[in-house]
Amino acid sequence: MTAEHKESAVEAQATATRDIYIPSERASVSGGGRPHVVAKDFSIYYGDFQAVKKVNADILSQYVTAIIGPSGCGKSTFLRAINRMNDLIPSCHTTGMLQFDGEDVYGKLTDEVLLRKKIGMVFQKPNPFPKSIFDNIAYGPRLHGMTDRKQLQAIVEKSLRKAALWDEVSDRLDRNALGLSGGQQQRLCVARTLAVEPEILLLDEPTSALDPKATAKIEDLIQELRGSYTIMIVTHNMQQASRVSDYTMFFYEGELVEYAETAQLFTNPKDRMTEDYITGRFS
Amino acid sequence: MNLGTRKILDNSFTAVGMGSIVVMALALLVVLTPIVYNGVGSVFFTGTIEHRTMLYKEFGRGDAKAIETQTATADRYRAEAYRMLSDFEQEMEGMSLEASRQYRSKYAPVRAAMSSLLGPLPGDPVPMLTRFQYGQTRWEKAEEKLHNILYEKKWDYSDPTVMAKAFDVPRAEEFAGTKLAPLFSYAERHLADMMQPQFTVYWGFFTDRSLDAHIFGGIWPEIQGTFFLAIGAMLFAFPLGVIAAVYFTEYAKEGFFTSILRSANSTLAGVPSIVFGLFGLAFFINTMKVSESKSVLAGALTLAIMILPTIIRAAEEAILSVPKTYKEASLGLGSTKWNTIVTVILPAALPGIITGGIISLGRAAGETAPIIFTAAVSVGSAIGIADVFSSPTPALSWNIYNLASEHEMASEIRHVQYGMVLSLVSIVLLLNLSAILLRAKISQKLKG
Amino acid sequence: MTEEVKTDGQRSSAFVVSPQKRKMQKLAKNAGETLLLGIASFVAIIVLFIFFFVAVDAIPYFQLRGFTEFFTSTGWYPADEPGEFGALAIIYGSAMVTFGSALLAVPMGIAAAVCLSDILPFSVRQYAKPVIEMLAAIPSVAFGFFALVILAPLLQSNGGPLLMWTWWILAAPFLLLAVIVAADLLSARFAQEENRKKMALLLQSLFGLLAVLVLYVVGTKLNAIEIITGTNALNVSIILSFMALPTIVSVAEDALQSVGRELREGSYALGATRAETLLKTVLPAASSGILAAVILGIMRALGETMVVWMASGNSSHIPDPWYNYLDAVRTLTATIAGDMGEADQVTGSERYHVLFAMGLLLLVISFFSNLVSERIVVRQRKILSGQ
Amino acid sequence: MILKRILLLLTVLLFAPVDGGAADGGIVIDGSTTVGPIAKSFAAYFTGRYGVPVTVSESGSGNGAKSLINGTCDIAAMSRAMKSREIAAGATKGVSPKEHVIALDGIAIVAHPSNPVPSITKAQIAAIYQGRITRWNAVGGPNARIVVIQRESNSGTQGSFRELVMGKGVKITRDAETQASNGAVKNRVSSTPGAIGFLGLGFVDSSVKVLGVNGVMPSPATIQNGSYPVSRPLYMYTDGEPKGEVKRFIGLPETVDGKRIVEELGFIAK
């Protein structure tokens, strides 16, 4: 065992003993509040490097959970682990348990394609396909076997309406999606994700590439969708986290340092590091 | 060193660089100019009545009435020349044995030159070979032939210790005083009347079959063979290459085996083309027996493995240039990997892949060495699509070599050779140009 | 969780599938990937096959005749009984035309690459690159045709004057430059500060006279040369250098581009001229990539068939004297193309197999050159990325 | 879209039936470049007359023999007789080559027209090709280097030349330039003042000067009566007795038309 190995092992032990606040059920959103995603001693490695260290947390259904933390703290990694997007990185592997609806996400019998259908994702940079707006939205439903044009049209409209984009693009569904503005593109991506009817929406810094106006629209959209989906959003922007989320997780160097109701975390952080971070003493 | 010298050195350095580029551009120009100039001459030239007659008789093309009237006019002028010939022949009958023998040996070349200008002379049997059935079809050649009639090229062999110099002897002097003497000035004056030169645009050059080993007619069999070979090669190499590129970019895990595969790819790219020919002969024909002997199939397969690495590289580059986010988005929507590749990545990479494909197509069309032993024949008619599995084919690249260096009348049919070279070069360059344009269009699109 | 049965996609959150289905999925995935791997390995298989099939037909030759004759004798009489299969002269011919083309193409190629990457403005570069690509795309048989039908007669009828003019055009500027530099250096070294200009002028005129003399004498000598045969090593070298140029330029340009701007800016900031920056900083940094470019270009020339077959004259002898580029030579590729006619694999004679032995030789050379150039490129990438 | 249209056009062009197409039951000829013109002209005549397609490859006599033995051609055109080794090889493959003489050919010794040497002896030719004589003045000509031009080793003409002029086992000098075909030899000789070469008589034209051998100029008469020393028959070989179309083709040299084709091409009908 190398020195590095030892060190990380020691650190991992330290993490395990840390007391993590796990939010209890709350009923402010109707039907919500059950643990939708549950992490138990969940760690993620890139080769030998432990990027996320033994996270224990319940993510509650129908709520918006924000993940904040300095860059490189493992927040995106954690988010991407939930729908197994990290599978794309060959050296990436996990330990511990991550459950979704009580089933092991990394279990032997998990079909990651079905999983991703249930857990949709929107990325940092708007990434519409170089196809028409219609085809972009219809891409998912088509994948899952829908061919009927009428049904597709209905879904496209519904998704675009949900994503608050319908009014802007309803007259040019056959145009190339790359012709839309950045904010529209990002909402298109949200609509595209909604079209496959996921239960969870993972938003990976969805506004970092957008201007303030477009950002506001996306934030409004998140508010709209709250209650219908379990939403997790990674963000650099603490104001955004406090504006849109019910719960906030603070990651630092791969550890889940603090997890609490948003209001509480921002006004009365328990951990010294959290306080330092939200007051901007380091970033 | 003082600053002035350094500046001079700097400028001369720049000049050397520029000079090299200019030299390359000049090289391109120097190579292409004669090819284009002479190649165009295979289609646009001043044709004689013989050319039109040949076209009408052999290919059934042309304005029958116009040809008839022109032939009549030409025949009128020719008749006069023929009359002089026969008058002289009669005159020789009456000469002394000695004089007649002397004239006879001088007369034979005149007659030969006449018939090579005007076609078979009256009284001659119709020649079996098409090449002798017509006179000169091209005006510039007709003018050369006239020179042969008017002058005898002689070499001064008087001093055997020096290389002889050539000199022309006007035949009019040699035959002075005979009934043949007026022929020479007559031929000179009425060459145009006898040949009826006319500016000709012979598009059939590209679409006609060849006649009598390319002495007349067009180069369609070669063009078709080239297309068969190149497209055949693409049919094999393109799907394989794209799939292999997908594997390399999307599935291969970095490791010993993958690095071996990559090395193999670049090795294949560096194999000399003649070795592909050897391999094609040893493997496809002698071992696999894909066909009894040379065939389009064997040639296309050989060319396919030759262009495979180029296609793989181009496709790899194209796939790698597709933004990773597309893939993430598609997978995030619950698409399978394969589905993502087929519906998102390949369509986005398609222009790049096609660009690579087009360049490879050009390369396959232009290569000669791999098809020498596997597919090419010197003379053959255009083959049907059904014969590609068993028949060899003529092809532009091979027949350029063949006509330029093996044909018995190589220097007589330079225009055909140039026409073939121009066709091949244009096919390849047009393909490349369209690839370049396509690429430029894509990069513009990517920039927004 | 209620008693829901774990069957395919029944439950609302059913991303977990039955073991059978998972197994099938895995199997299908593996099968698919294996198929892809199979197709991708096709390339490797072909390479193996090429080596194998060429070697299988080459080895009998060495079994029958050993290695000594092939590599040391110049007697090439494959049709005789018994035949002589000395390939030394042919290997030498290949080396000679390859070297000749490299001599022309390498400096020109590197200069053009430098020009493309550092000197020309982007707008010109956009047009220059396609020109180079066009040069690369012209089929070799067209070059061969040009060499045979146009260049060879030209060399034969006007060889001397052509050589002279080329000499003047190429040598005059370089000699002039050398004169200026030499005068500058010497005067800086030996003269006092105040005399320097005078001294430089004196030296310049002195050296200048000398240079003109050299130019004239060599020029006259060249002018007097009578090229007996136009299909010779020089002709082929010139044409092959055209064909190798695009490869060298494009690979070398990539290498130069991969040297970052920082390096260049560092040098300029110290007051270096462009030439000094490029020669002393950029070119050394890109040297391994340029070496790879040179190797690839040389391979192109070595492997070319049609041009050498049509225009090298095909005499299987070592020219006399050995550096005589105006003599006809014969190369490996042309021998294979030309002699395969007698390729008598039926009786399995040496004649057939010796050609495959030549093919194997070419194959081995190209394989190792490729390996070397690949290694070089990888190393260059590592150096530049600071590992 | 434009691309699509071009592709469509190309497809139509490519598969459009041009001059009959199908080569079913056609005759495949492979072999000598010397016999090439005869084979090609016969092919054109035969196709025109009987509608049977004929393809001709000119890859050298040796290659023709090989192809016949391998069963990859119907007729091997050869400018030399088949060697015993080749016949033996054929036997192992169940092919029994049958010889047909189709014409006679003189091998003309040619030089550049500017060369004043009128005639040369067989011994001198042999000496030149062995590299023992390297300058024209040794044979009564000017003081110039002799550029020796020979044929590729697969050439039947070269085989015949060596046998007829140089004798068995005598080697041609390595300095000799090698050309792949009769046409190439003619081109080289006609453009190179110091050159000497040998050609099938059918390829000779005014661009080269024919040298007499032992004082005899090659002509149909001197070749037929045997006074010109460097002449040989030209052959076509078939596998066993020819049948059907092949038989008809092989019979061409016996016909009046066939004889005339041979003569028009400059060869000597048998």
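Just so it is clear, A, B, C and D label the chains in written order, and each chain counts residues from 1 on its own.
Keep in mind that, in the parts below, a residue touches a chain if its C-beta (ideal position, glycine included) is under 8 Å from a C-beta of that chain, and two chains touch if they have at least 3 such contacts.
What you are looking at is a predicted structure, and each value in this text was computed from that prediction instead of being measured.
More contacting C-beta pairs link the chains of B-D than the other of the two pairs C-D and B-D. Farthest from chain C in terms of Cα centroid separation is A. Averaging Cα coordinates per chain places chain A and chain D 81 Å apart.
If each chain is reduced to the centroid of its CA atoms, chain C and chain D end up 37 Å from each other. Annotation: 23 Å between the Cα-based centres of chain B and chain D.
Chain centres here are Cα averages; for chain B and chain C they lie 27 Å apart. Residues of chain C in contact with two or more other chains: 309, 340, 343, 345. The residues of chain A that reach two or more other chains are 114-115, 117-118, listed in rising order. Multi-chain contact residues, meaning those touching two or more other chains, occur in chain B at positions 405. Screening every pair of chains for touch gives A-B, A-C, B-C, B-D, C-D. Note for the complex: chain C touches chain D at residues 74-81, 84, 89, 152-153, 156, 228-231, 309, 313-317, 320, 328, 330, 338-347, 349, 351. Those residues of chain D lying in contact with chain B across their complex are 3, 10, 14-15, 17-24, 26, 28, 33, 36-37, 40-41, 43-45, 47, 53, 55-58, 67, 70-73, 112-118, 137, 140-144, 179-184, 186-187, 190, 193, 202-203, 206-207, 209, 257, 260-261, 264-265.
Residues 1, 9, 12-19, 21-22, 25 of chain C are the ones that touch chain A when the two sit in their complex.
Every residue of chain B that touches chain A in the complex is listed here, in rising order: 253-254, 323, 325-336, 339, 343-344, 347-348. By the touch criterion stated above, chain C contacts chain B in their complex at residues 32-33, 36-37, 39-44, 46-50, 53-54, 56-57, 107-109, 111-112, 114-116, 119-120, 128, 130-135, 137-146, 148-150, 173, 177, 180-181, 184-185, 188, 242, 245-246, 249, 273-276, 278-279, 296, 299, 302-306, 309-310, 333, 336-337, 340, 343, 345, 355-356, 359, 362-363, 366-367, 369-371, 374.
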